[in-house]
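In the two assemblies presented below, chain A is common to both, partnered first by chain B and then by chain C.
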Partner chain A sequence: MRITQGCFSFLPDLTDTQIAAQVNYCLEQGWAVALEFTDDPHPRNTYWNMWGLPMFDLRDPAGVMGELKACREANPETYVRINAFDSTKGWETVRMSFIVQRPTAEPGFRLVRQETQGRMLRYTMESYAVGRAPEGARYAP
Partner chain B sequence: MGAADTPQQILDPKKRYQAGVLKYAQMGYWNADYAPKDTDVLAVFRITPQEGVDPIEAAAAVAGESSTATWTVVWTDRLTACDMYRAKAYRIEPVPGQEGQYFCWVAYDLDLFEEGSIANLTASIIGNVFSFKPLRACRLEDMRLPVAYVKTFRGPPTGIVVERERLEKYGRPLLGATMKPKLGLSGKNYGRVVYEALRGGLDFTKDDENINSQPFMHWRDRFLYCMEGVNQAAAQTGESKGHYLNITAGTMEEMYKRAEFARDLGSCIVMIDLIVGWTAIQSMSNWCRDNDMILHLHRAGHGTYTRQKNHGVSFRVIAKWLRLAGVDHLHAGTAVGKLEGDPMTVQGFYNVCRDTVTKQDLFGGGTIGHPMGIQAGATANRVALEAMVLARNEGRDIASEGPQILADAARWCQPLRAALDTWGDITFNYTSTDTSDFVPTASVA
Partner chain C sequence: MNAPEQAPARIDLGAEFRDAGIGEVLDALERDLVGLAPVKRRVREIAALLLVDRVRQRLGLATEHPSLHMSFTGNPGTGKTTVAMRMAEILHRLGYCRRGHVVAVTRDDLVGQYIGHTAPKTKEVLKRAMGGVLFIDEAYYLYRPENEKDYGQEAIEILLQVMENQRDDLVVILAGYAERMERFFESNPGMKSRIAHHVDFPDYSDTELGEIAQRMLAGWNYRFDEAARVAFADYIVLRRRQPHFANARSIRNALDRMRLRQALRLFESGATVDAEALTTLTEADVRASRHFQQAAA
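The block that comes next holds the complex of A and B.
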C-alpha cells in the first residue's frame, strides 16, 4: 500500500527539483520550513521526530535541501515530511505538509474491529510495522 | 437624497404623543443626521415601496417595524428612553439600474438585542418587516455587527485551523462528495459508496440534506455502515477520513440521540440542515464543542429566501449569522456548478467565512458517475487537485495552463484521463439570479 498523507501523495514521488520548488513557494509565503521523520506513520501520530528546529530564519531553499539530504542519510527507511509553519495571527499552524521520503516497503495498517453491544463496533488501526519491531528497526530491509 | 416634502420628526412631545396615527418619519424613525455608533448594529435593506409611498417614509417604516413601532402612537413610549430604543433609518440610495428599489441603512442600539441569540436577532431584524403592506418587497442585504455583540457568541466549535490539525491535512483543499443517489440506497449499499469514494482518495463524504431515517434506510443502519466504510478506507490509505453523518431529526432529543451514536462510533463530524432552525443550530454547536466534533451545515432551504434580489435575506447575511451561531462548515455555493451562485458574490461569502474547504456538488456526480467506478472517480479528482496545487506553487498560471496541467497528469493517471474524456466539455452556463447591484461610490474614508 501507499500511505496517502500529505498534500502530494497521489502524485509520483517528487524529485528533488520539484521539492525545492515547493520549499521555495513556502519560503515566499514567509512560512518556516521544518523536517520531521518517523517510523510510526499512524494518522493519529501527531508528533513525528523533529530534525532540528523549524528553520525560522532560513530564506534559501538550498539550505532546506541540504538538511533534507542529511536527514535522509541519517534516517533511511523512515517517512520524512516537510512541514511549512505559518506564525501569522489566526493561523499559527502548519500550512503545508508533504512526504519526501518513504520506506522501500509500506505494509500499512490492520483494521481491528471490536464487537460491542448491538451491532456496534469499536474500530482501531494498528500498524503492521510498529507491531513487529521497536522504533528504529521497523522498516529495516 | 431626501425629498423636500418628507415628513420630519416631530420634536414637540405634546404633538408627538397625541393619540392617533403618525408617519414613521414623524415618529422619529428617520434621521438623516444620525451618525452610527461603533456599538450599533447596522442593517442594509433593499426596499421596493408600493406605488405612491415615499421611499424615506418606507425606510422609516422598516426601522420602526424592526424595532419599537406599531401602527399607532402609544403613550407608554414615554415610560422608556424611547429615542434610544428606536431604530433609525439614516441613509437611502436608489439601487443602480433597478427602478423603484432603494437601499436603506438602519442603525439599532446594542441594547435592543439579547446576547448570544440568533433567534432574538432575527426576530427583530426580519420578524415583522417583510410582511409590511406599504412595501412591495424587502430584502436584507447586509449587516454590520459590533464586536461587543459578536463576542457574546461562541462561534464555530472547531474552526479551520483545529479541523486541519485534527485531520493532519494541510496545503490543499479538502475533497468531498455527496452520496448519490440521494434516496433509496439501503444502509449496506450506501456504506459501499462511502467506502469506495474515500478509498479512492476523497477526504470526506457526506449525507445529503434529506437523508434522515426513511423506510429504505434507518439512521442507525446508515451510521453503522458509513463508519465501517470510513474506518476501512482510513486503514487502507493510512489517512484520516470522515463521513458527515446527518443528524437532522424532528426533535432536539432525537438529534442529540443521533449525535451521541455518531460520537460513540468514532465519527469526527456530524451535519445538520439549515431548516432545523437557529436555536437548534446553536444547541448542536454547543454539543459539538463538548464532544470534539466538527459541525457541518447544509444550507437546505436557503434558496426560498436568498435567491430573489428584491425580497428575502441575502446569503451574505445568513453566512454571518451562521458564523455567530457556530458551524464549522457551510455550503457557500460553487463558482461553477449546477446550483445558484454568481462567482464574485460566492467569493464574497467565502471571505465572510474564511472557509478554505472546497466541496463542489459536481464532485458528487463526477466521482460516483465515473466510467471506471467510484474509486477511480475519486482518484481522478484527487490527482487533478494535487497536480493543480503543485503547479500553482511552482508559479504556473493555473487559469491559463490548467487544461495542459490536467492533460499532463492524465498521461500517467488513467482515471483522470477517462474523466476528462467523459466530462471535459461540460459547463453549467446559466445566468445567475443573485448578482450584486451595489455600485460603490467614492468616499472620503
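The block that comes next holds the complex of A and C.
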C-alpha cells in the first residue's frame, strides 16, 4: 500500500530534477530546507529522525541534493522526506513537506479491532512492517 | 531516420557577446576600477574563453566543462574581493554559475576547533556557496605545516573533492599574498593542479592611489581643494614607506581620519558653515597626519 503523506504523494515519485526544482522554489521563498528519515511511517508519527540540521542560508538546491544523496546511501529502504520551514513570520512552521524516497515494498497497515465493554469496538491502525521487525530491519529486502 | 537537428553553421560572436550582457560588466570593471590593467586583461581573456566555449558547445564541438577555479594573488587592498564579485557576475551571465552570489570566508569559517568539527563546518560553507563563488581569503592559513595535528588539511581535502566533482555547482577563488600562496601551492600540488587561472594583482602606483582617493571622496560627496590635493600626493609617498601599507584600504582609512579632522575643525571654529565648507577637505586636514610629523622629525 503506497503511503500518501505530504505534498505530491498522489503523483508518481518525483525525479531528482523535479525534487531539485521544488527545493529551488522553497529556497526562493526564503525557507530553510531539512531532511528527515524513518522506517515507522504511521501517520501519527510526526517525529522522524533528522538528517543533520535544517539548512539555512542556502541559495542553490545543489547543497540539499548532495545531502539527499548521502542520506539515501546511509538509509536505503527507509522513508525520506524534505521539509521546508518558514521562519520569516516568527512562527516557525513547515510550509511544505514531501516524500523523496520510499522502500521498494510497502506492506501497509492493518485495521485492529479491539472489543471493549458491551458491543463497543475500538479501531486502530498498525503497520505490518513495524510489527514484524525492530527498528532498522523493518524494510530490509 | 531523422536527420540530427541542423546546428547553425555560423555564429555571430558579437551578438553572442551582447546577448550574454557581459559587455556591461566588463565595461563597469574597466570604468569603476582604477589601474589594474593586467587584471582587467586577464578577466577579459577568461570571459572571452568562456564565451567561445559556449559557442563551440552550441556547434557541437566537444568541449569539456572548463575548470573555473582561480587564484587571486596580490598585496592587501589591491581589489581582489571587488574583482571576485565582478567575476561572479560575469560567470553568472555566461551561465557557468547558477546564482552568481559570492560567499567570502577565511580559515575560521572552514576549520573546526576539535576533532570531527571541521568536516561539517566546511560542508556547511560549501553548501551555502553552491551555485555561486566561494571566495577564500588568505587561503594559505588553511595549511599549517608546523602543526601536524592541524585540522586545516581536512578542510583542504573536502574542498579538493568538491572542486573536482562538483565543478558545475561551485567556483572556488583563493586569494592572498603572492609568495605565501606560492608556498601554499607547493605544499598542496593537488590544489595547484585544480586551479586553472592565476591572476596577479599589482600594487597601485602613486597617481592611481590619488585617483582612487578622488573617487572615494566623490562617492561620499567630499572633495579636496587644490592645496589639499598636492598635500595628499605627498602623503601617499610618505605612507607607502611605512609598514602595513595596504594600498586602497590605507587610502580609505586615511580619508576617514581626514574627515574626522575636518569635522572637528568646523565644529571648533564655531562659525556658520555652508555646503562648500562641509564638502571641502583642506590642506590642514591632510597635513595634520602623523606621517608628516614623523617625516619632519
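Just a few scattered comments:
What we mean here is this: the second predicted complex is superposed on the first by the 135 of 141 C-alpha atoms of A that agree within 3 Å, B and C clash if a C-alpha of one lies under 4 Å from a C-alpha of the other, contacts with A are read in each partner's own complex, and residues count from 1 in each chain.
Convention: a contact is a pair of C-beta atoms (placed from the backbone, for glycine too) under 8 Å apart; a residue touches a chain by one contact, two chains touch by 3 or more.
Only a predicted model underlies this, so the values are computations on that prediction, with no experimental measurement involved.
Once chain A is used to superpose the two complexes, chain B occupies space next to chain C without a clash.
The superposition places the C-alpha centres of chain B and chain C at an angle of 100 degrees about the C-alpha centre of chain A, rounded in steps of 10.
Look at A:Ile3: by the touch rule set out above, it reaches chain B but stays clear of chain C. More chain A residues lie in contact with B than with the other chain of the pair chain B and chain C. In the superposed pair of complexes, A:Glu67 makes contact with chain C only, with no contact to chain B.
Using the contact criterion defined above for the overlaid structures, shared-chain residue A:Tyr47 touches neither chain B nor chain C, since it reaches no partner. Looking at the shared chain after the overlay, A:Leu58 reaches chain C, while chain B stays out of its contact range. Between chain B and chain C, the smallest C-alpha to C-alpha distance in the superposed model amounts to 16 Å. Contact residues of chain B toward chain A in the complex are 161, 164-165, 168-172, 201, 220, 224, 227-228, 231-232, 234-240, 264-266, 379, 382-383, 386-387, 389-390, 393-395, 409, 412.
Residues 1, 3-12, 14, 18, 21-22, 25, 41-44, 46, 83-84, 90-98, 106, 108-111, 119-123, 125 of chain A are the ones touching chain B in the complex. Remark: chain C residues 98-99, 101, 120, 126-128, 130-132, 166, 169-170 touch chain A in the complex.
If you check the complex, the residues on chain A that touch chain C are 52, 55, 57-64, 66-67.
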